[in-house]
Each structure stands twice: as C-alpha cells, then as structure tokens.
Amino acid sequence: MNHAETLLPALRVAGLSKRFTLHNQGGVELPVLEGVTLDAFRGECLALDGPSGAGKSTLLKLIYANYRASAGSIRVRRTSAAAEVDVTTADPRTLLALRRDTIGYVSQFLRTVPRVGALDVVAEPLLGTADADTSALRDAHRKAQELLLRLRIPQRLWHVPPATFSGGEQQRINIARSFIRSWPVLLLDEPTASLDADNCSTVVSLIDEARARGAAVIGIFHDARVRERVATRVIDMERFQPRPGSR
Amino acid sequence: MNVSDLPAPVERDANFNFAYLDERTKRMIRRAILKAVSIPGYQVPFGSREMPLPYGWGTGGIQVTASIIGPSDVLKVIDQGADDTVNAVNIRRFFQRTTAVEVTTRTTDATIIQTRHRIPETPLAAGQVLVYQVPLPEPLQKLEPREVETRSMHGLAEYGLMHVKLYEDIARFGHIATTYDYPVMVDGRYLMAPSPIPKFDNPKMHMCPALQLFGAGREKRIYAVPPWTKVESLAFDDHPFEVQRWSQPCAMCGDTGSFLDEVITDDAGGRMFVCSDTDHCLARRTADE
Amino acid sequence: MSEDTQPILRVEGIVKHYGSRVAVDGVSFELWAGEVLAIVGESGSGKTTLLNAVAARARPDGGRVSFLTRHEGVVDVHAMSEAQRRLLARTDWGYVHQDAVQGLRMNVSAGANVGERLMALGERHYGRIRNEAASWLERVEMDVTRIDDTPATFSGGMRQRLQIARNLVTRPRLVFMDEPTSGLDVSVQAKLLDLLRSLTRGLSLAAIVVTHDLAVARLLAHRMVVMKDGRVVETGLTDQVLDDPQHPYTQLLVSSVLQP
C-alpha cells in the first residue's frame, strides 16, 4: 500500500439519512439516521458507538445496500484506481459486483444454506458463481481450512451443513466466510458476540490482519475491550440521531 | 390361387357411377393425390366420403383407387400378402361390380395394386401404382396426441420425438422392437407412417419405380411416395435398421428371402412357415414345375 | 455473473390484455447472464402471464422481448419465425412448469424424457444419449437405476427433478420457472430449492422464477420484481426488497409471511 492510496478514502458517507415509512400502519414515519457523514480510509477500523437503537446496524446495512437510503450518498472505491460508486444510486448489477469484490459483511446471524457443508460455505466467496476449476477450488478450500482451524471449528464439522451448529459455531463460520477474501471494505456487525475469549482474540487478530493489508473496517463491537483493542477511531452515532420532529 | 380362380369378368352395375364415387369427389381426391405426390410424405387432408364399408376396412385405400382407376386398368387387391382373404375379396368384388375392370392376382400383370399390410415380393415396375390402406397416418400421434403440435412438428421438421420412441424400444427390449409401421423419412424431409407393413418391406419403398399412394379414410388423409424417391427407415448410429430374418425357408416354395407367415397345421402344435405373398409363392412353385 | 457488455434478455413495455382486462400493463426489465430474477406477486397479479409473454409462449399485445443469442446477436423474440423460436426454446432456453405433467412426457421413460432434446438436435447415438441422460439424472440427484421408469411412477419431487434435467441437458443459458416448488411437501420443496440454487449458481444460469413464495425468491434470486395488478410496484436486490420494502403492497406482502 503506497502513501497516496492511504490518502484516498475507501468509503465516503455524506449526508446520509434513513427513515422507514410504515405504509400499513397509517404511514407512520420512523426516522433512524440523519446526516451521517464520515470517511473511512484504508487500514482504519471505525467502531460505531451508541446505545441500542442508535442506528448502528442500520448504517452497516445501508452501506451494504441491504437498506435503501432516504437521502445522502455512500461512495465506495471499487478498486484503488477506479472511480467511486455511489451505493445509494447504483443499479442492482453494480451492487452485486460490489458485494462480490469490494464490500464484505458479517451479519449477526448466518443465513444458512441447507445441505452445503461448512467448508464450502466458507470457501464460497472465493469461488464466485460459476463452476470453479479444480486448482481454484483447492486453493479456496485450503484457505477455508486455515480459517476454520484458527476459529477452532472441530474438523469433524467441516463437511456438515452449519444449520445444525450452535450459535457460536455459526457465528464463527460467518466470520471465516467474511475474512476469506481481502475485501477493501469490511462491515462487521457484532462479530464477537457469543464468542469465548480465545475466539474473540482470533477475531481481533483477523481484523488487525485485514487492516494491515489495507482494508477499511467498520464495525459494531458490543464488547468494550474488543472495541478498544481494534478501533482506530470511534464514531459516536448519537451525533446522527434525527432531532425530534424532524423528517 | 391363380387368375382362373377369380370370378369371370362381370358387367358393371349401371346403378352406380364408375368406381362408385361421383366425378366431383374423384376430382377432389385426385387434387389431393397430386398435392401429395408433389410433397412426398406430406399428409394432405381430403374430404373422405362414406363408403359402403366400415372404417377400418380400407375405405381410404378404396377411395384412392376409385379416383385413379380407369376401364383399362388391371387391379390386384391383397390383404397381408394374400389375394384370397376376406378384405381383399370384398374390395376386389366391389371394384369389379362398379368398374368391371380386369382383375388379377399376378403382381406383374397389375397396373393398380391395393394393399393392406404388405408390399409384394415381386419388385414393382414403373407405371404401376401401389395403394396402401392406412389406419393411422400420423406417426407421431402416439407420442404427441395434440394434432396442432404434430402439424407444427412436420412443418418445422422437428422429428426428435420419433427417435424417443425408438429409444424407448431399445431401453426396454435391448433393440428396436418396432416391427411394423416402422417410421420412415421420405425424401429427407417428411416423417411418414408406412402403414402397418412389416419393417421387412420398408427397403422396398426406397427408390421404388412405382407410384405409392396412401389413403386413410377415417383420418381423412392422403399421402404419397412418388417413383424413385428416397425412403429411409429411422435408426440410431449404434442400433442400425434391420429387417426380420427367418431361420428356415418357405415350406412350400423354398424361398429364403421372402416374408414368412407362421401357419398352424394341426391341433398337435404342428406348424410351418410359408410365404406371406401368395402370388410370389405360387409363381415360384409353378416356375419349378 | 460475468462482466458482459449487454443483458442476455431485455423486456420492454410488455402489455397483455384478456378481453377488456389488462393482465400485464407495461412491464420492463433486463436480465444479465447468470442472474436469477424472481417475479413475485399474488395470483392474478399477472406474473405468469408476463412469464409466458417473455418466454414467447404467448404473444403480448404490446412491447418487445430481445434475447442475446449465442451466435446471432440480439433477436426480437416475437419477430422470429416459429421455427427459430422453437429451436431457441429447446436449446438455449428451458421452461420448468409448475405441474411437471405439463413439462414431461408421462408415458416415456425418464431417460427418454431427458434425451429428447438431444435427439431433437440430431443426436443419433443411443449409447451417448443414454449416458448423457444418466449423468443428468445424477446431477439432479435422482436414482439412476430408475432411468427406464416412466414419470408416472415418480413422486412429485422426482418429477420436478426430471423436468429440470430434461431442460438442462442442452445447457441452456436462460431458464423460465413457473412456481417450480409449489405443490410439493415442505421438505421436498427445500431439497428442490437447494438443487435449483446450486444448479443456477454452478451453471451460471440466468433464470426468471415466478413465485408467490418469498422464501423461494430469497434463496434463489439475486433480484426481485414485485407485481400487483399487472404492474411492477417495486424492484431491487432480493434482500433489499425483502428487508427494506418501500411500496405499501410489498410491505404488506413481506409482513404477512413468517421470516422469509
């Protein structure tokens, strides 16, 4: 990573607002975020801080284009050289491409795919959509195995579909899946919730490694010690609370 | 049976038009025949008439014959290769009464041969017409009951389905078990049901010097194979078309290359194999004498 | 999905009337190679009518469907000759019917059902056809020993698998599916969805899946189109539409099912 690249933000959020309109409850408006403005540079780890309901998860979902913004922009650089893409206005195809090669996301829950073994679930982001050739497959499986080892998933579970795993095991599968690729932007929604101390510290190292190779990490860390350990900056989400009566 | 066994020439019954059908109907049928000859293997719809025989007794073939027969024609009628079976006798009598044309059992003497289920063993010659009685003209019907669809398939020459039938045979019996009404491609274009002739006869249709006309009365279709037309039996590369063979010769004439019928000779299980084509068999035996 | 320069399918302003009733009222969308699009809506929303118009099984009263062929560039599907259209339908396209009986030949064996498209394309080697059929039965996780049994003896789930194999044997790039899993037991449905998911991903298939079941859309589709009264009321990434629905109708649809 050269110096000039470090100076370019990997992610620029400007004037971002989100409110939900509940049409089937008399059109009630629920404002959640207003005027979110922040930059995330490569190698940074931003910790979103604030009480529950402050819109931390909502912000991650907006960046991942899981939620649609009500106003503002979210600009992501797809590769270091390319022009930025605005997530709030990009077409679905571009969003899918972003999710494939630029933005990684660890949700709080693993949405399991039935009948696909843990190893394949973890390797999938490396393999894309089409039939991968055997060397790519071997490579992906090797990386997946490394991660599963580091996250202490017993080898007997590697070929078992994660649907039957405990909450903690599922979470670790989810984490492995998200760290297998060098995503330039990595979104982590409580990655260490329900993990024991050993696995917690593994996740901490994984975050450090991601930063070291130039990822911009934005996360929600429930555990204050983890937060202090990984965060390079803390974003106080209460700054972006909609003022009462505002729309 | 030979010619002398046939009833003597009769007077034409003046109560009927020549060959029973009225002239307008004949003309309509001849138009259909001309169209059929022009598009080898294509099924031409026609206004099939009520005939004094029930459907299934050859009404299609009779109407075709009635439309093309003239006073100078010599008619032979066979059913399963024989001139003396009920269906053949009835149809021959019908034409004798309505046309008073000369009739024969000799393949070589006939100008028109109406047939059910066989092609004569004696090779046909240019100038002769073979008229087939056809129960089911649509070869795809058993696989695709929708007529709109089968017509499209013919129109677009989409005949993969016919191979599905042959595939099924091989999958079930280890070989193509269809032995009669074996589907053919006519002139490389139209899939055609050759009527329920044994597949043994299929090669005779290929490049035949005689005109072959097919009439289906109930289904109201006429189709044709003009003289010298390619007729190819469907097959797979690894399961080629083959005709039936017999381990013994005809018990009566000793022919080893003709289609044989099994005949039960007594109540004790005795049986023998004889030519299905009675004229052919007789001709061989009389030549030997 | 590959980085192509143009979509594989472009649907523009499709209109279809039934008498005075408008079944589909100006629907447009694009589909890219390898992309799975779900069309969701209640019965009567026009989704199946739309599918039939797009798949050229019925002629729309207005609009255009353009398909990017392998060799001849973009073609107007409804302006093609019937021969071309039928050829397209049995080579580069597939159509999976809700009722397998409509998509299968019930009185011929499983092997012949799968092999039919090959034979239609001129394959004349029994051994090869049979091997290909067997390998597809395997791919759709059917018991290969049942290759000579007719679909009449199969369960609903197996019939649907057979229908899928029959469609995929020519390696189509676009498959239309009309409620492919409805009418099956829940457990059978789940397994079939799995299979469809791995097949569409593994073969880079573009697919349009008509369904009233949001869970089916969630599992299979990259993108979603929500239809109501013949119109598209909302469209977007599948998870976007399901997790943050914008239109009142979509919100109602999403809130009326348990955790899609």
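By letter and in written order, the chains are A, B and C; residue numbering begins at 1 in each of them.
Simple rule for what comes next: a contact is a pair of C-beta atoms (placed from the backbone, for glycine too) under 8 Å apart; a residue touches a chain by one contact, two chains touch by 3 or more.
None of these values were measured; they are calculated from a predicted model.
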Chain whose Cα centroid lies at the greatest distance from that of chain C: B
Per-chain CA centroid nearest to the all-protein CA mean: C
Between chain B and chain C, centroid-to-centroid distance (C-alpha), Å: 46
Between chain B and chain A, distance of the C-alpha-averaged centres to the nearest whole Å: 77
Rounded Å distance between chain A and chain C, as computed from the means of their C-alpha atoms: 32
Residues of chain C that touch chain A when the two form their complex: 1-3, 32, 34-35, 190-191, 194, 197-198, 201-204, 219, 222-223, 236-237, 239-240, 243-244, 246-248, 251-252, 255
Complex contacts: residues of chain A adjacent to chain C: 20-24, 61, 65-68, 92-93, 95-97, 113-116, 129-131
Partner chain C, residues of chain B touching it in the complex: 143, 152, 155-156, 158-161, 163-165, 167-168, 170-172, 235-239
Chain C - residues contacting chain B, complex: 82-83, 86, 105, 108-109, 111-112, 115-122, 124-127, 129-130, 147-148
